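Here it is: the structure, laid out below.
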Amino acid sequence: MTREGWTRLGLVAAGIAALEALCRTKVIKPLTLVPPSRMVHDLAGLLIAGDIFDDIGQTAIEVGGAFFLAIVLGVLMGAAIQATPRLRRAVAPVLASWYAVPSFVFYPLLVALFGLSTSPLIAIGVLSATPAMVVATIGGLDRVPRVLLRAARIHRLTAAQTLWLITLPSALPSLFTGLKLSFAYAFIGVIAGEFILSGGGIGYGIAYAYESFETPKMYALMLLVLIVAVGVNGALHAWEGRLLQRRQR
Amino acid sequence: MTAEAGAHATLRAVTRTYPGARPVHALGPIDLDLMRGEFFSVVGPSGCGKSTLLDVLAGLSEPTSGEITFEGKPVRGVPDGIGVVFQEDASFPWLSVRDNVAFGLRRMGTDPAEITRRVDYAIGFMGLKDFAHSYPAQLSGGMRQRVCIARTLVLQPRLILLDEPFGALDQQTRLLMGDELLRLWRETSATVLLITHALDEAAMLSDRVGVMSARPGVFIDLVQTNWPRDRDSRIVAEAEFGAVTGRLWGSLRAESMKAIGRAG
Amino acid sequence: MTRLFDSLAIVAGILLLWTGVFEYAGDSAITGPLQTFRFAANLLGRADFWQHAQATLSAFGYALAISAVAGIALGLILGLHRFSGDVAEPMLASLYTIPKVTLYPLMLLVFGLGVSAKVAFGVIHGMIPVILFTLSAVKNIPQVLLRTAKALHLTPMQTATHLLAPAVLPEIISGLRIGFALTFLGVLIGEMFASQRGLGFLIINGINSHDVKRTTAVILIVITASVAANGALLALDRRAHH
């Protein structure tokens, strides 16, 4: 690991240790925050008991479904927009102000449209995550060097070959940025939706635990959310690094 | 049309105009016979349509008027047997040097043993042996251009078009790359068309040099060099070389001034 | 001319989609465009609406000030100190991906119900992008600019004001634009859970009491304001980048 990596690890460890000490010495009241060790212990307990598997499963389906749909829709829409300058000029303001719209306020509407199930939450995830993928696809396609497309024609590649062998690898760095952001936004959108109005999922679990004063369970679930968000982001980052590593330097 | 000598590619009254609110007449009319196996260079002021000439000859874009043939057949789209080396770095950054060079052969479904043999040869020929498993980002600009040349060479093109391939390299590297190019030309007996803005490069490498005018580019001079086939960069020391370069500049000077005046 | 036409077409498309959704879902989920505009105009003329709006705006003002000042300061420090920046950047990017809504119970426990919780919510949403944009702007200052400054014998102060500030300003403006929108979003979320006042409260209250008319109208007003502010900042952003 690099010096930066060790420093990061050290900082996180120090932060957790400090929090642990403050909680143990009651400087931070137990009602406000439970010690990190307790959170880990409680989370392990919940996982072993298995009663949160339904919530985890629901959230996983929603986030996974939203992420997948956002990638497919985002790439298709991005490609269409990039290929049509006039469409691009027209939708640019919409794309640029998308994240200024709190998409989870549409949740009640989506419930009315899709019924009370996992679908409205998937829809919220898709609404939050797709624009990032659209923007990343447009950016990636913009950055395909023209000379490589000319080289493709000299090699007499078919349109499909050009797409697969030249366009996709050229756009890959930008697409990866889109993947990371899309996952984050799908996750944030789904959890927020569950949190506000839902009968299941991790977001709902946190809200429910809070309202029923089950502070330890609440913190255990918050820790789970934190681990998933940072873990998936880290995994995508590592995958990206492996794929793109040789291209840099 | 399999004669050893004779015209390999021909351009007849070829012009190219870029359409638009104010159409730009970029090229022509151009008449040219590229002889089989010759090394022909095109020099001209910047923006004179040199690259447009290469584009239409390679079938990358269609001429507005006129007729182009390659090996007796009219050019419609990119013909088989033509290789192009571009001015910009066209190496694929996601492929190793070896995979870059093998790219075209793999697309054609060539037998793997044959691919290995030809790729090894091309990599060795271009002096890339120690870098076969490196990626373009780890190489210098000159080495990357070698990768692109090897990638073209491995397909055994009968006509090689080079669009200012050494434009981004320093002078010494360019002279050495010129030697490589001459060696490649001799070994493959391909016809070579080199677009360049460097007079010394054109004078040293070519059998014939076409001098182009400012836009719209037409040939204003054709210079025959009479170098031996096994020449190399050391001919820059000869008096004859100075004479050729001098004649090229004589034809080009007024045109270059026009081009600069227009740019300013 | 075609540009105006295209913009109008986009607006028409949105209204058409809205009407379609309304026709399909009925008035238990959403009100139609015309009715919503009318009710929104009505709301805008009422004093109690403006009390809520003012509560949101003042919390937003505090949050934005903190996000901007602290965000730029931290971004500058991390950008200038290479090692700290390299350590912090991935950590900040990870923090950015956490669903911050889930932190709301913690925020409530720390700050209590009221303005400070809303402000805190705005800041945790809005500050990270400002830091990240500033950091990358400073990190990417071309070395040749600094060498030029030395060659021209500029004082550190002159270097900062005449070379560095203009070099990093466009990126900082981009960061502020995103920080602006996210801070607003954060404040709204904060109001939805941690407040009895503000536009976010109006929305969640409307949702909970099934007051579709009011909810739709408030959402329309909020989105219009947010998109308009973003448009203005986008124009500023474009000018700074040229």
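The first chain written gets the first letter, and so on, giving A, B and C; residue counts start at 1 in each chain.
Rule of thumb we're sticking to: a residue touches a chain if its C-beta (ideal position, glycine included) is under 8 Å from a C-beta of that chain, and two chains touch if they have at least 3 such contacts.
Bear in mind the structure is a predicted one, so any value in this text is a computation, not a measurement.
If touching chains are joined by edges, the resulting network of the protein chains shown is an open path. If you tally contacting C-beta pairs for each pair of chains, A-C comes out on top.
Farthest from chain B, judged by the mean position of CA atoms in each chain, is C. Our note on geometry: chain B versus chain C, Cα centroid distance of 53 Å, whole angstroms. The mean-CA centres of chain A and chain C are about 19 angstrom from one another, to the nearest whole unit.
Chain A and chain B have Cα centroids lying 48 Å from one another. Those residues of chain A lying in contact with chain B across their complex are 145, 147-148, 150-151, 153-157, 161, 165-166, 169-170, 172, 246-249. Of all residues in chain C, only 2-3, 6-7, 9-10, 21, 24-26, 28-30, 83, 86-87, 90-91, 93-94, 96-106, 109-110, 178, 181-182, 184-185, 188-189, 192, 203-204, 207, 215, 219, 222-223, 226-227, 229-231, 234 touch chain A in the complex they form. Residues of chain A touching chain C in their complex: 3-4, 7-8, 11-12, 31-33, 86, 89-91, 93-94, 96-97, 99-102, 105-109, 111-113, 180, 183-184, 187-188, 191-192, 195-197, 203, 206, 210, 218, 221-222, 225-226, 229-230, 233-234, 237.
Chain B meets chain A in the complex at residues 58, 60, 78, 80, 82-84, 86-90, 92-94, 96, 103-104, 107, 135, 137-138.
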